[in-house]
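Everything on this sheet refers to the single structure shown next.
Chain nomenclature is as follows: A, B, C and D, assigned in order of appearance, with residue numbering initiated at 1 for each chain independently.
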Amino acid sequence: MDLQTLQTELRQFAIDRRWPPFHTPKNLAMALMVEAAELAEVFQWMTPEESVVASLDPATKERIGDEVADVLLYLVQLADHTGIDIEEAVARKRDKNTRKYPKPG
Amino acid sequence: MDLQTLQTELRQFAIDRRWPPFHTPKNLAMALMVEAAELAEVFQWMTPEESVVASLDPATKERIGDEVADVLLYLVQLADHTGIDIEEAVARKRDKNTRKYPKPG
Amino acid sequence: MDLQTLQTELRQFAIDRRWPPFHTPKNLAMALMVEAAELAEVFQWMTPEESVVASLDPATKERIGDEVADVLLYLVQLADHTGIDIEEAVARKRDKNTRKYPKPG
Amino acid sequence: MDLQTLQTELRQFAIDRRWPPFHTPKNLAMALMVEAAELAEVFQWMTPEESVVASLDPATKERIGDEVADVLLYLVQLADHTGIDIEEAVARKRDKNTRKYPKPG
């Protein structure tokens, strides 16, 4: 999956539906959070152990997949609208994480 | 960015730090939601118009980039732990969206 | 509304339905966040101005009211399960806020 | 704690700080969700069992109390700005819950 191609296609998808006025970074961030909550809701009442095997159930797995996709779709659109290069941001954040959490000796 | 390579590297990163017991799907979904909220917090008191230009400020842009990366990092780990093929899930969800929101004539 | 009476009644409601094993503070905090997201979802694509008048529509107002209630119901249960005295916590937090944001002269 | 008195005092607190333009229902709902996420963050990596005893630690208990208060403070302000009578909304939602989840025989 090429994220830049995805961004271009989602931008066109939004333009075709006259959604751009709604797609401010603020609204996209809010929608992303709502989708993240829908993803969390799947696991809400499960024990940790149940959550580990939840995706063995095909219906649950499809639901998780749909919510994972929703989060990603809003994330790449938000990055597009704020000029964030996702790969660069991920590389920089991973560097920070490596320094913050050094590998134990 | 190859998502599968990223997943493999993040899995090793977690193993090296003895995090796997904490990385249940439930906990990863919760952490993802918390990061999504931190991303939304950036835009919380902005007007829609201010959110559009927020990333012109370098410090704000770095903060947005960091939070975007955090969301993506938890998302790919959650997908890894639930056996979700992200590309497939995104393709299926985009098909659903195309049917749900047909292009106006 | 007496919050302590409400807590006692909700505890009994949960016991009658055999929910206590699910009502850990962690799960209640997660459920609270999910309800807060459902409340935010109401306003997600609105302009600020539209959100100001949203509750003039009776159906929207009922939806907001239901979500406000859901958030409060989980909040008082979480407080109950963590031994938090809500009134005391609110008083202390308001004191902190008064010091953090002094009234402009 | 009288919720209506609290609402009146918070309204004055906001006016004194010139916050009303920021306190649209949309922004308050977003702030509420962010605070709910901060509350969930406390329990994020805990096991269910650890979350049950988390508030035995005084520092953790203070943190939980502060976040519980933050959620409540935004909730009553959101209710104030949308004309929601919280007590009425809670009573109606509890009726719905009683019908939705009847007491097992």
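Here is the rule we go by: a contact is a pair of C-beta atoms (placed from the backbone, for glycine too) under 8 Å apart; a residue touches a chain by one contact, two chains touch by 3 or more.
Every value quoted in this text rests on a predicted model; they were computed, and no experiment measured them.
Undergrad: With contacts counted as defined, which of the two, B-D or A-D, has more C-beta pairs across the interface?
TA: Between the chain pairs B-D and A-D, B-D carries more contacts.
Undergrad: Need the CA-centroid distance for the pair chain A / chain D, whole Å please.
TA: 26
Undergrad: Per the centroid of Cα atoms for each chain, what is the distance between chain C and chain D, given in Å?
TA: 3
Undergrad: So the centre of each chain is just the mean of its C-alpha atoms; given that, what is the distance between chain B and chain D in Å?
TA: The answer is 26 Å.
Undergrad: Which residues does chain A have that touch at least 2 chains other than itself?
TA: 27, 30, 33, 36-37, 40, 43, 48 - these are the residues of chain A that touch more than one other chain.
Undergrad: Quick one: do these chains touch in a line, a ring, a star, all-to-all (complete), or other?
TA: Chain contacts: complete, every pair touches.
Undergrad: Considering only the defined contacts, which chain C positions touch chain D in the complex?
TA: Answer in residue numbers: 1, 3, 6, 13, 16-18, 24-27, 29-30, 32-33, 36-37, 39-40, 42-43, 46, 48-49, 51-52, 54-55, 61, 64-66, 68-73, 75, 78-79, 81-90, 92-94, 96-98, 101, 103-104.
Undergrad: Could you please specify the touching residues of chain B with respect to chain D in the complex?
TA: Checking each residue of chain B against chain D gives 22, 27, 30-31, 33-34, 36-38, 40-41, 43-45.
Undergrad: Spell out the residues on chain B that touch chain C in their complex, using ranges where they run on.
TA: Residue list for chain B touching chain C: 30, 33, 37, 47-48.
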